[in-house]
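Below is one structure. I have some questions about it.
Naming follows writing order (A, B, C, D and E), and every chain is counted from residue 1.
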Amino acid sequence: MMKALIERLEQKFRISEVVRQRNDELFMTAAKEEAVSLVTYLKEYEGFTHLVLLTAVDWLEAGRFQLTYLLNNNAVKADAGIRVYLDRERPEMESIHHLWKQAATYQRELKEMFGIGFPGSPRVDEPFILEGWRDIPPYRRDFDTKKYSEKTYFPRPGRKTYDPEEYMKKQLYPEE
Amino acid sequence: MGFEPVKILYALISLFLIFNVGMLISGITRKIGARVGRRHGIRFYQPYIDLVKNYALRSNVSHGVMFYLGPVFRLTGGIGVYLFIPVIYGSEYFSNFSFAGDMVLVLYFIFFGTLGMALGAGEGGHPYSAIGIGRGLAQVTAAEIPLVIAFLGVAIQYQSLSVTEIVAAQQGGMMQWTMVTNPLITLVGLIAFLGTMSRSPFDVVMAPQEIPIGPPTEFHSTFLGVLQTNRAIFPMAKTVLFVNLFFGGAANWGVLVLKVFIVYMTSVVVGVVFPRFRVDQSIRWFYKYALILGIIALFVTSLIIR
Amino acid sequence: MTKKDLDKRKVTGPDGEKFEVDPLRDYFCQERPRVHDPARRIWEGFLNWARSESLWILGYGTGCGAIEMRPLMTPRFTPNKHRIQWRPTPWQSNVPSSAAICPSRPQARGPGSYEQMQGPKYVVALGSCTINGGMYWDSYNTINRLDKYLPVDVYITGCMPRPESLLAGFEKLKTLIREGRGEGQNLYAKHFDEYKANQKKIIRDWDMPDYNW
Amino acid sequence: MRLKDVLSPFLAWKHLFSPPVPVRKPLEREAAPRYRGFHQNDMEECIGCGTCEEICQNAAIDMVPVEGIGTRDGDSGLRPRIDYGRCCWCALCVDICTTGSLTMSNEYQWIDTDPDVFRFVPGAEAKPWDERKKGYRKPEHYELYNTERIPMEEVPPEARSKSFIEIVKGYSKAQALREADRCVECGICIATCPAHMGIPEYIKAVREDDMEQALRVLYETNPLPEVCGRICTHKCETVCSMQYKGDPISIRWLKRYIADQVPAERYEEILGADAVEQSNKKVAVIGAGPGGLSAAYYLARLGYRVNVFEERAEPGGMMRYGIPEYRLPYDQLDKDIGYIRSLGVKMTFNTRVGKDITLEQLHKDYDAVFAATGLHQGRSTRVDGADHPMVFQAIDILRDVTEGKKIEVAEKIVVIGGGNVAMDIARTLARLQNQKYGKVQLILTSLESEDIMPADLEEIVESREENVVIEPSWGPGSIKIEDGKIKGLNVIRCLSVFDEDGRFNPKFDQNETNFFEADQVIEAIGQGMDIEYMTKKFEDRLEMTPRNRVKVDIFGQSSLPWLFLGGDITGGTDAITAIADGHRAAKGIDKFLNK
Amino acid sequence: MADKNKYREKFPEKDPDGSNIIDPESHKFIKVWQGPQHPGITGNMSLELILQGDEVMHCKTHVGYLHRGFEKLMERRRFIQCFPLVCRIAVPEPDFNEYCLAATLEELAGIKVPEAAKWMRTLILEMSRLTSFLMWLGGQSGAFGLGVAGQWTNYVRDLMLDRFEEISGGRIYRMHIPPGGVRGLTPDGFRARMEETLQAVEAAMKDVDRTLFDNAVFKRRTVGLGYIPPEMVDAYGVTGPNARAAGVPKDVRRDHPYLKYPELDFDVITGNDSDVYTRTDLRRKEILLSVDLIRQIMAKMPGSGEYMAKLPNVLHWKIPRGETYIRAECTRGEYGFYTVTDGSGYPRRINVRGPSYTHAVALMEKLAVDCNIADVAGLMSSLHTYPPEIER
């Protein structure tokens, strides 16, 4: 089933990096400009009618974001994940809120947590989870949550730990 | 009937007694309700401590004059109801300021408290208060209709507007009580009673899960203490009134407390096991069932009298 | 609702009349909390007894701590025996059920609810995260120490503290109150600026119900 | 609206008369037997490895010194302090605890008004739940790491017992990765290793398959990794925190794995040849054993010009002349020494100090002298008949084997001694017997019982595999000689070797005797040193210890500031100690010369 | 629904897409914030309601009150360290998080879980489902003002928690499903005690049946409220009981079988029209199904055996680069972890897909409109939302 699907998709779209993670789970990379039409095609013609999730992965080293659309086909009980790579400098993607209502929520979250823009998505610029956030979007890899926490909140003072290795050196053979 | 200043003293004593009865009964009924939920429930004297605590809070925030007056009006309503009904039949000391037309005055006082509360809570500016007041007025109005009908029915039956006289007419054993002589009107009365007791399924005014907790949302410390005092007196006053009208009144405090407790329990018995109506459903219910039943009851009563 | 909504603005009433609305004045209490001195000795002792025997707790779980409140409210661990009752509105409560995790966003409402309560009021910190951040010690969105934002009376450690633990905590609080040591409200009033500064540090923007402050 | 729907809810009131269900005394209620409550720690068992700190995702655990707990080998002296403002009671610390000392009680109530008190060292600070028997313990059959050592492949006894090929095959990459994976990086072993090698660090490099880094780490403290990777006494493994639940990490084999992976040609590229400026100062090293080579290497690294004087024809000292080839092949030894020589260390062979050149001469020609001449004189048991020509010293035979001389091998041999040298000689002779007679008839008898025998366990096991008969707990009585020929060895039962104070003071049971038949007896009960070359001349100025050794400070510096000593002559017992001495001496010499 | 709208043809005016036009300056609307501190809100979120009288004209949900940044925190935790962390995401039923994480890591690292562990996991998940439903039932009846049913169900839930405590040593956060297996099998005498508890649950459910489901007022309140037509199911990403009540037989336990569910005998429960009453009733059946499933599991489960796979040293456990999505059927619907690993010792990204994400935001905003404010709490409760899994 999956094999036939991949063949059909390969005829119509430019997809690459196809991974069959399980018998019922498939991941593929789509070109950015084709992604929405691929998703639409899967929804309308291949029965992938349920949007499981839409999320992003920050590949900081490669300088790009990965968007993942995960679709589920309840008739044949299979999942298809579509990866799309976005430039990390100016991340922006077409919205899919017209296909699924809940997509708008996902896109709001992505905008807030990753700073990925979805022009035209409803309420996309409203804060979703955070409130009065002024730092860089927190889910980006270059945001250091520990440092932020230490700076903003008040860790209780008085903690001190010793490294067994160094402590033993100090105790047993300090001169060397 | 001339006015005797010593009556004020008697009335105050009576008020004090009924306040305590109210506190205890509310504590006990809460405990009983908790038992249905398989809990122990509060200590029966817990309401006293709560009251002291609330009066003892050090700070309060007012939103204006009406905010002060709201609880006061509410308490006035409660005391007002109580002061104009005879408590113990035949007792010189505990007939309060009852007079020939007291039933009408009492009806007014029942409504008065809600109105006063409306003003006070409105001053608070809390939207839930506002919604709660809207609901409260609608609910009171809806419940008032069977209440008035029931009162009217009793008045017609006994050809009197004086509670004392009505009680007097019911003396001579259980068979003389309105409950027996005119069960239909008693039923209407009880339905109205449920409607005014702020208990499920008619507790649309407070409705903690919907509009926590309606009009008194913003009332706190002393204000809440006043409201709590009223919560002890007002339902008791109503219950005493119902005992007088439908259950033959009481000739001594023991009987009174017992009867009051039983009547009060009816609202608890229903309240514990039913969810709450929506306000429109509640009103519709009163207009649909209670009103029709009331009219029938009134009709039947008139027939009986004739 | 953002900070902008708190600016003064001109509005037209239903009857066409124009008037100015100042949300800050209209909806928010401008007054600073004051220090209230305790009453005379025996009398205060009696009042404290009453206060300790009638703890009204605000049913506001700012964290997963709320999960153990449910068993506490229900038959298994009946709290009423311990004179604890729940109250849906902060105005009428004495103890904010106060917070297991305290992510900064409800933390913004925490002091709000706290300030709406009328004193003497007490804070019971549920769970380890209120003491030193707990398992969210390095999260960008949770506070580490509740005592920087509210005057805490009793700490209960645990993650989650069991209902029995909570009961023991409330018992401890009652002892404190009876001993006259539950003066967190005055502490708050005294160090108001300090607490406020800490709170403001994490509440960067207003996004809260107008009337709730 | 059905009537049932109105009436049915009232059935709830039946509960009015059923008893309420609350827990009777909630404040005293005990949690389940497995409840994950507050921590307990057995102070005696805990070794302060800090693994709990490592796994704690809340950073709730600090390792802190505790009064009454001293730092010693295999115990860092630190104990976990838990911050209950952080803990989430996931019990991963209990699960991973290497000794199993950390557990949880089923106590769960701790309430206080002061937020700063919720930190404590379980076990050290008295808490009400210390004595609780119930609580969470790590379940059996559940480990967060592999407790079992990856077995080392060896040449089977049949194949090896006739030749001197190396027995141990060494780890493959997959095996090494799996073995390295077991390490929890506690670092307890570092203090125990005489050279204080960065063990966790190089194991980490193995795990990451970064051989270059691993080699760099090795050479920081040990310039003879191939040697140590094979014949080290691996004291580190005796304190490894993994041993409490399973086997210790094969630290030695991992070291060998690293050294084996890197070909000699790449050493220079990885370690760098001339990192330091050459200095004009000259240092003489006496003895090309592990101590001397180590000192030479680090001195060369520090830029000194080093000359090593060696009595024999080839470098290596005991490593070459004492250890049989099946344990340490000569090519591997040459690989290590070759790299040291490539750094410009000069070596003068066949030169015995005190005979071919005097110490004064060296003192004159060099700025400092490091002497690590080792123990090369076998000790005799001095029993009756010990002066018979067929009674040999183990050390002599081993040397002769290395040098290719002809060895006397009788049909029946008894070896006296329970140390590694005894094992070496026994196994060497067993091989020779096998070659010569096709069978092994060799008895090894030792004073010590098997559990306190100083030889490594695997030596004992492998000896037995090679058909050596081991007879422990016998003291040599006399050698029976008939017609000028040795008939055998009379022995008496040894009851204990050490007295209560731990001093060597064997007790015998004269009634229980035995007789081991033999044509040849080998004594392997220890070696003595020959340091006349220094004591003779500098007698008056050289301070000695009560046990008649040269007194040295931590850097091996004697009372003659220019003379440094190290290795077995200062009390070491094995190669790694000598290497460590050499390293320290190099540092000491550097300090001395740069004063 | 339809007749109600009849009265509202004129006001307020509607957008072309059918939503009400709100002019805040017209003084015809009240804005009410329901939550975050509100007894009728499950968990921590707030609804910004615009009312006309008692009717909701517009609803906006605000979440984030319990945002602890799990997904960020997990990126700086080792794989094993994520294990204690994830259960905090959804407090009423933390075990689904643990299972999803464990299954993800096992799949990506190629670890095979022993049979006994699989049974144990199934048992824990089913027990967890039962406790969560029991608590929810209390919330649902409480939202309509009937407290007593919640008292009973919460009591039996607490008995279930005692069973959890016995197995795992944890009351709320069980933390019994680490990657690789489970932390232990059932203790001695557990079956008997479990059976006792299940009987208590059944008895309580009988009481609830009589008091809540055969209740005229409850029916009056809930029938027809918050109707979800089947075509909304996919369009709004509805899963779990909410979808099943609409007649769409979506159940991960059947659709994408995991653990030992293929060996258990059960039918997917569906309803006809997804209003609040149907959804409540469906969950009542789910409770009974869970009881039945637990009995089946107890009967089939081996009492002993290997329960933990051999793990590499978890302190430096590295998982090869890969990505996968693991789902499980939790009480509210499809719960899933989308995980990306990059070959290091830390996850590159773990995205938690909670069913409430769609139910509480997009769906709630749609359903709340035209409701009475009195019904909002009950409606929200009937969707069985739990905010922390939205914001994580």
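Here is the rule we go by: contacts are C-beta pairs under 8 Å (C-beta built on N, C-alpha and C of every residue); 3 or more make two chains touch, one makes a residue touch a chain.
Remember, predicted model here, so these are calculated numbers, not experimental data.
Fewest steps needed to get from chain D to chain E, stepping only to touching chains, is 1. For the pair chain A and chain C, chains touching both partners: D, E. When the interfaces A-D and C-D are ranked by C-beta pairs in contact, the top one is C-D. Greatest centre-to-centre distance from chain B is found for D, with centres as Cα means. Taking the mean of each chain's C-alpha atoms, the chain whose centre lies closest to the overall C-alpha mean is E.
Mean C-alpha positions place chain B and chain C at a centre distance of 34 Å. Rounded to whole angstrom units, the spacing between the C-alpha centres of chain B and chain D is 89. Separating the CA-averaged centres of chain C and chain E is a span of 29 Å. Computed centre separation for the pair chain A/chain E is 23 angstrom, with centres defined by C-alpha atoms. Residues of chain C in contact with two or more other chains: 74-78, 81, 88, 105, 131-133, 135, 137-142, 145, 159, 162, 207. Residues of chain E in contact with at least two other chains: 38-39, 64, 67, 69, 72-73, 76, 84-85, 88, 148, 151-152, 155, 171, 173, 211-212, 215, 220. In chain B, the residues that touch at least two other chains are 34, 36-40, 127, 208, 212, 272-274. Every pair of chains that touch is listed here: A-C, A-D, A-E, B-C, B-D, B-E, C-D, C-E, D-E.
Chain C contributes residues 104-105, 108, 131-133, 137-145, 148, 198, 201-205, 207 to its touches with chain A in the complex.
Those residues of chain A whose C-beta lies close enough to touch chain C in the complex are 127, 130-135, 138, 143, 145-146, 148-150, 152-156.
Residues of chain E touching chain A in their complex: 63-64, 67, 69, 71-73, 75-76, 107, 234-237, 239, 250, 255-256, 322-325, 327, 334, 336, 338, 340, 348-349, 351, 353, 357-358, 361-363, 366, 391.
Across the complex, chain C meets chain B through its residues 26-27, 29, 31, 33-34, 36, 47, 50-51, 53-54, 56, 74-75, 78, 80-81, 83, 85, 88-89, 91-92, 94, 117-120, 185, 211.
In the complex of the two chains, the chain B residues touching chain C come out as 34, 37-43, 46, 49-50, 52-53, 56-61, 125-127, 208, 212-213, 216-221, 224.
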